[in-house]
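After this come two complexes, each holding chain A, first together with chain B and then together with chain C.
Up next is the complex of A and B:
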């Protein structure tokens, strides 16, 4: 079964957090408690955007022990394909929606002596749930959180109030930057490092830590890719015996689903590997955008991740 | 040796029987009909045999998330005896406590839902009240507070649940066996395997690595989702209804393999079936693996004509490397000879159900 178990929920609350971010709270339609989850988990939210089915992943930010509901925060992306715009413009309290069970691709390492967290912008959301979980279990953490400006620093107030000694905030418009080298050099043995934010930040944090000799297994990151837009292209589905066209604001996975093909998926953000598909013939250029395949896989031209990657050229035949 | 529970419920459903010494274990006629015969065709080879662990036929071992059968109370007494002799059969590394709570919750909620006549769970916030009538347990405790239970959460609940359990932490794109309650194992050791990764603990298995079975199985398990458990079968052969065939006690049971004859084969030789289920746990993101062992005497199984025919063919034709790994290569010919009396050469229907 593609996508795994689902939850039928109702939108209980929509809160405007700042000029760019809205928070949504989901509760079970039948009033039963939500499943517990682990900090760092995400859900996939299904949307019916006037006939176009969109499924976007969002990190759960609420306290995992709050079994009454789940909360996510969505940053509006005016140039995106429309998922965040749909959430901002159309999702209202009382609406019924379908979400996936939580999946965790950004789990805390339970053996860590300390958790060092680096967040950029909306990348704060998984850390909110992790910090709540660590607070219940008595785990040690330190958070460095940078935002463009004070008004855009979502949840900073609540974090600094609850954990004044452990949370450090930085603002781009005040030319404040995270002094990463110093922070990394001060950590006790057994610390694990977690980063979630824009791609540039993730690369900077991981490469700095690696250069300083941090072991790879102590480094964790999460980056969801929006599938991105591109030129339309045709794909032949060898198993289903169909030829489909992938539209400009559609992903290959979405186009397959729209054609009634049941393709596997979990994260829909190029991270989990579930939708990996063999390429049978390719006369043109695969536009790989995932983090799952190795650089060798990308170069080989024999695999594609339909949730985020695209194609330009004459013929593409895939094994689905 | 003292038991920490007061079994009072042998009357009626639960059998009073032993898995050691005089070996009084056996299946009732109803127990035989619901035996999870693992062969859906006349031959066997390793494969990535996994299917969703959803509720199956009524009365079958698939009906409920955790099957509780007529052997429940006696199996729990046997487990307590094994643990009294060797406490290292239950281990949980410090970072696995949360996963233990997850498993406790899963088992208590499932059993209270599926068997309300035997188990009940009531919650007042984190204050939980658990009643296990067959074992005579009535416990009030605080969820997530270890000090309120007589054992850690993992040991507490697996002392009350049939089948072995291991808990796997997920890190670095791998699974690590970091906790286990292992007292009814087919010749492998928790004390040896604890802390190992998926490929490390599977290292002794023949042929499956070369076939890429473990690569695919691990990839699949890393994607296992909460709310969507899966199950698979494994099987082997055991002389006498001995649950605890551990490497640690091999000198006690290994030699029984030389005691078989055509006269005692039907009573002594047991098909040992493991119904294994895999669950993603919610708070810890760990993977729970349950290994539920069912023992069926040859003489019990051949009362189902389809199973008699099929068991003969599987045993006769099994790849010698598998027969050697499963520990019955030396007895295979004698087993096949005994079983051949129940194989008239007629075709068998696909699937494992007795009547189809």
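Up next is the complex of A and C:
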């Protein structure tokens, strides 16, 4: 079975954090402790949305030392494909669900002398777990967290109360912006930078840091992409000897799964590399949207990440 | 003299590139012996040489073969240029500079493996990623070797095998390298048949 081992859980708690965000707590159905994880890990939540199977990645935000349960926060995206709406509208306490084991693609580098964290909106979630972890181990950190407004700044109260001298909050509606150049110029040697938030923010932080001479191996970011929508297209699966149609709101990976093909995956957000697939024939345009393949891979037309990327054209044959 | 070319070896053996200017608030250059030529080549590549020099700190020491090109470096006109008499006296200055340095510092190491390795070790200890430190080998290829038996380090090893300067064992010089120790590993070559020692040859010059 692709996607690694699964955990059979029960929803223990659903909390409305603010107008857009709900928090969900999962516990093992048999009452046993959850597997250990490190700050920055995510899980993939499986949803059965009236016949449509949805698998969305969410960062674990709870304290890694809390083995009694896992917590995630989900921001409602009314224009999205439906995963967050399902979580908001249908998931209730007591419900049984299936989630993946935790996977960490955004781990703290423990060799760092200091961890500089930059969060935008719901991008705060992995940092909550990392900050809990660092608080236990005594690691040094500094957080700059920007939200649209005070009411939408989830968990700001608990963060500023626990770490008043390390947490800095910014609000778009009060025209407050992170003074990135100043912050980046003041960090001691051996600082590692972590950024999680909207795509524009990630690009801004990474490109500013690189221009200021920050080494690329001290720069860490995480962004889960939703597969996105597009025109329907046909794909020939050479190994499975099937031809499938990928629908407008479906990803290539989801279409393969719907056709009963057990394709590998892990993050389902273009980040981890697990679903990398060779392209055997392509008469048309591969629409790459992942963060995994190199620009050379993208240009070669030999590989595709079915979790987020699409195709437009006449014929696509993949090695799956 | 240009960049040293080494034969292919095991993965553990360090590899070196060619120094190239990168953006940064401080350019910290550590070099010895013929590494000075790599430094002048580096600055010749700078798109804005004057501004790079204005934020450059050079720490230099003569090479193990006596090569001293500190005058060439002093003539460049960097913001700071310091000549230490030896590697052991160069390292405390580097360590002091690292205490106050910020992210945005670019590191350029040039010269022999002993100097490059020890500077890299001290920079790495701050948490700075080792893979982002630029290194170019120039000049002497003598090695800094740790005796894996007594743990003593012998500098400037030219022959293989050689006699450990601490415990006196006859050591075979491996390509196996420790970044933490900044040293190649030397292993007793006549452990099973004491006295059966292959002819010592000059391998590193």
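A few remarks follow.
In this text, the second predicted complex is superposed on the first by the 319 of 320 C-alpha atoms of A that agree within 3 Å, B and C clash if a C-alpha of one lies under 4 Å from a C-alpha of the other, contacts with A are read in each partner's own complex, and residues count from 1 in each chain.
We adopt the following convention: a residue touches a chain if its C-beta (ideal position, glycine included) is under 8 Å from a C-beta of that chain, and two chains touch if they have at least 3 such contacts.
Fair warning: this is a prediction, and the values are worked out from it, not measured in the lab.
By the touch criterion stated above, A:211 is placed in contact with chain C alone, chain B being left untouched. In the superposed model, A:272 lies in contact with chain B only, and not with chain C. Of the two partner chains, neither chain B nor chain C is touched by A:129. In the superposed model, A:186 lies in contact with chain C only, and not with chain B. Of the two partner chains placed around the shared chain by superposition, chain B and chain C are both touched by A:111. Overlap of the chain B and chain C interfaces on chain A: residues 109, 111, 217. Within the complex formed with chain C, the residues of chain A that make contact are 109, 111-114, 184-193, 210-218. The part of chain B that touches chain A in the complex is made up of residues 52, 95-96, 98, 102, 105, 144, 169-172, 219, 223, 225-228, 282-285. Within the complex formed with chain A, the residues of chain C that make contact are 22-25, 98, 101-106, 126-129, 131-132.
Across the complex, chain A meets chain B through its residues 1, 4-5, 35-38, 40-41, 64, 100-104, 107, 109-111, 133, 136-137, 217, 266, 272-274.
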